[in-house]
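Quick heads-up: structures coming right below.
In what comes next, chain A is part of two complexes: it sits with chain B in the first one and with chain C in the second one.
This part shows the complex of A and B:
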């Protein structure tokens, strides 16, 4: 891998890319402004490749759209690399100068000849060849991905495979190229950058690194643990086992967003003390002993860091409504009471502290954030910020190829559960709808959940658009409206996860990626029944 | 800018207006602001802004709350055309609005290429030259029908149904919008039905569109909406001899049904 968790390149660079490979990203519905950059690139002659089991909106603008079987991305990518190597299209000099472990990759992708890959993925050999040629031969080529890549038991393998492909063709550290994960939240990148992860402090400095630990001990005047904390899924299990007794949730709605809803609810009932901090009442907050009112973007000062590593100021437009307070003030008050006073007068002082302990944010102050903001790494107060990463060298030195073997998803269809379910988003709503379902116009646009089902399957089960169907998995069952459409292939259902009353997560499986611990929201087995 | 400040101060002090709707700098960004006698000190921060803003949409709301008050409003030529249509459609009253004209910068004139960038009551800036250009309409007209259909299908197919074109339009003022009418317009899907969604809006622009081009500026997916509505505007001129926003005293064709007995009145 490269050594940094972020979009390698910038959003604007997509416009000048000559080939854009979109995989596992419903770009025009979930990231419409980025999708427009891609459409502008197309207007300038770029080739657009979309790999997605569904015929999503942007697939209509693709030169090549392939509909791989659910959970077969590693095989697909290995197959593409196999073709590139066998045709001699790989970037030999780049591989030699900038990467290591190439022999291992070569050996592993040799096991994925096109015919075998076609069998696993359902993608024709002709299409595999076309993707390999378009991506490898274009003067510049970008990879764009999102949750369709990561929300699998092989999520880390999928990302590593994309990194392999990009390095194989010398597409990392170059303009209008790169590997570009699209973050869903305006500040998803910022939250990770600030160390809202169990194993790192701000700027991805490892908790278990003694030097880093000492630095933070000194900065905060405390003896800090060198042991990584628990991931979200680990917390749930620790609560079940009685090892965690209190839970403090900020701006999350796991009852609707985490897999296996019944299990989440049982855990939240079991935990002795639950605090939820949010701006509206949520399904999760219903279980809380204490609810703390946070504020919306309009009521606070601070920064958001977007998907292209750009740190931007948010400025308070109105005073907090009612008893609501900015999150940082709530946390400081709690900390004061616990006996560790945090003395900040304003958000800018926190930014100064971030700057002092975080090398990649070392040159970022509020004074420099007027206008367009700054892209990290920005290590010094003179540094202009970084448009794309890994220009001369990778963060870790050399780019590391890894051998990745294809593993099927945790669940396969069988006689009892003959259909496969995948989940995702609709253009109107955001995640669990805590925000967007409050908006009259957005709610009017899409009031209820639905299950996309292929016309052939609808015919097979005798379902018409006026029926309601029951969708059943090993975890649970929901009743929902069918949307009969060729957008999904035969044998696959799609349910957006925004709607608590027809919750996709009553069905999804809580099988995890062994490394990232991300659940496999994108694949599980289900059966359907017509509701009488 | 000084001339504008002086004019606003003069109108506020003399009591000629209850308020002036214009743009004020907040930090480095211009935002709409209603200058009144109580906030006269803010006139120092008045700006014409590098970007355009449909202030008349805000004025409709203010005027609805204070129907007897007279308001001044900052106006480019396109804003003025829109306000003339709003008078005719009884959304604003001509005896309650004083337009303060500002000229567009050369860059803006060059970028917009509209028929007439000169407002009538010019207070700030100098009258620049016209750069009228309709080659965008001509280019489409020169295509074969099949090419045209493919072009518009591709362009309109990009729509993510954000309603930005309608929301920013200075002459979109209906209480009930056909584009939200169910089951005429199906909900929950992008793109909205092709091409009916956009043609519906285009027809509703007939006799109204003042060619300000804000729709196209607002469109997050670069659909050439202005070109589409320009053609509609030209059709109305050709067929009904009416150019929206240009003729103060002419009754809009949409308000004349049959023998004219159904003309809309205050």
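This part shows the complex of A and C:
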């Protein structure tokens, strides 16, 4: 693709884009301040395209809203590219000058004529044509996506398809264009940038690269392993097989966020030694042998990196609550006791070290972050930061087209499980609810979980809004309140994943994308029963 | 009365809105939107406006806890850290560094994520470090 894992362009640029294609992002509920920019773009005359099976809030502002069948994004995108190429709307000069492998793409999307794509996706040929024309012909066009694209067994294929589409129309490396993943968490970008990944150090430097390894051996004064480690999902399996005996979890709640709750609970029961560091007693912390109390964002110094690569300061406003300690200090103490001393007097000294070993953060100091922060890459102390990526050339040189074939989701509906389930967020809550459900105002807005169900399905199963329903999948069952609404199409249920007592992840499937190992939260088969 | 306003970054989603924490006599009392920041330009969503509310909830963990016979007991930092460091060292000696794994956090700071991977890679000696960006 292009060679970097982040939003290519900046949030502010969306406002001046002339076409915004939103796919797999419930933008106005999950990223409200980014949705604001999209609405401003609309007011300035931009065409808004939304591809989402649900009639989400931002779909009401869309010029074109299509409701593709769950898990058919690759087919949809191939169909759009098929039309663009057959009409001759592709960016020929850009393809020639900046990309490679175009012939392969051309050949593969030829297998996705509009009629066939319409049959797979449920989107009309007329709508496919309209999307292709709007995206290809606008003076600038941005793609915005989130977990609706990535949380599939074909997550990597979906992202590659978006990259194909953007390059086909010359939309990468230009102002108010690009491929823009919206990170769900305040520092999901930073956690990746900092090397909280099994195969890379900070700045995506590979652990199995000998040169990189030597550099970190010297910087850290240790003999480091060149063997990539286990991903979260592989850790779970390794614990089951007895290969991993100790697990240290900082600030995460996999019991509620992992795709297969019953499985993760059995794993956490099995692991010999579990340490959890968090600010609340989470569902996950219950299984720990030792719990270390960390602090909230208000009680410590540091930086977060947002979804547009902007590194910004976090500043301590109050003293830690009780005897809790800043997480970075806890790690330092632990490292000292293990026999590898970490000497940092303040968080800024850690950033100074990050800067010295991480080229993309090479020019970032706390002093320079006062004000609006800095967007990486920012390699030197004079560098102003980078508004959009791949301006002259791609990180990897030429942009790489790939041939992507449509593959159906891991689970399809059948006689036993005739409905499909998808999951996501609600506007007042956040992730596993550890923080938002402790906030009185937010809790008052939405106290319990619910399942959106289409009125036709509700009628078919004799369900009224006062009933409770049981939702059953091959993994488990939950009882939940129905919300009868046309927001979901017939045959599809939607459950937000914030509510541990009606946990969507008791139902979802742990089938993974083969490359990214991301679970398919967005599609599984279920049945419903009315609770007597 | 001593009133302070501390500029910082919201703890919820990936937008990274600038917020100002209002502190009265050392106590966090409210949140205001940062006005000049290019991300939010003086606006916040409902989560941002209420992001101070969970900080003092009674359910906050205030002391380290150690489980004995299935029940958690409050303990001091020395004992808790000793238990963790001792156990990790023992498991590493018996079964090797790759028998230990860690999950860092998309909620923690860059500095904390950096140190967590450094702890696992340099102090323990394994690349078994991940976080829940996939979840």
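Heads up, the rule we're going with is that the second predicted complex is superposed on the first by the 532 of 532 C-alpha atoms of A that agree within 3 Å, B and C clash if a C-alpha of one lies under 4 Å from a C-alpha of the other, contacts with A are read in each partner's own complex, and residues count from 1 in each chain.
Simple rule for what comes next: contacts are C-beta pairs under 8 Å (C-beta built on N, C-alpha and C of every residue); 3 or more make two chains touch, one makes a residue touch a chain.
Every value quoted in this text rests on a predicted model; they were computed, and no experiment measured them.
Trainee: Return the chain, chain B or chain C, that is in touch with more residues of chain A.
Mentor: C
Trainee: For A:461, decide between first (touching chain B), second (touching chain C), both and neither.
Mentor: Neither partner.
Trainee: Classify the contacts of A:322 with the two partner chains as first (chain B alone), second (chain C alone), both, or neither.
Mentor: Only chain C is touched by A:322; chain B is not.
Trainee: Between chain B (first) and chain C (second), which, if any, makes contact with A:89: first, second, both or neither?
Mentor: So A:89 meets neither chain B nor chain C here.
Trainee: Contact-wise, after the overlay, does A:305 reach chain B, chain C, both or neither (first, second, both, neither)?
Mentor: After superposing on A, A:305 lies in contact with chain C but is clear of chain B.
Trainee: Looking at the overlay, does A:248 come into contact with chain B only (first), chain C only (second), both, or neither?
Mentor: After superposition on chain A, A:248 lies in contact with chain C alone.
Trainee: So, A:36: does it touch chain B (first), chain C (second), both, or neither?
Mentor: A:36 contacts both chain B and chain C.
Trainee: By the touch definition at the top of the document, which applies to A:273: first (chain B), second (chain C), both, or neither?
Mentor: Touch partner of A:273: chain C, not chain B.
Trainee: Under the stated touch criterion, which partner chain does A:445 make contact with: chain B (first), chain C (second), both, or neither?
Mentor: In the superposed model, A:445 contacts both chain B and chain C.
Trainee: Of all the chain A residues, which ones make contact with chain B and with chain C?
Mentor: On chain A, the residues that contact chain B in one structure and chain C in the other are 32-33, 36, 315, 371, 427-428, 441, 445.
Trainee: Report the residues of chain A in contact with chain B in the complex, numbered from low to high.
Mentor: 28-29, 32-33, 35-36, 39-40, 57, 60-61, 315, 370-371, 426-428, 441, 444-446, 450
Trainee: In the complex of these two chains, what residues of chain C are touching chain A?
Mentor: Those in contact with chain A are residues 4, 6-18, 21, 23, 26-28, 36-40, 43-47, 49-57, 59-67, 72, 77, 80-85, 87-89, 91, 95, 97-135.
Trainee: Inside the complex, what are the residues of chain B that reach chain A?
Mentor: These residues of chain B touch chain A: 27-28, 154, 157-158, 160-163, 180, 187-188, 190-191, 220-222.
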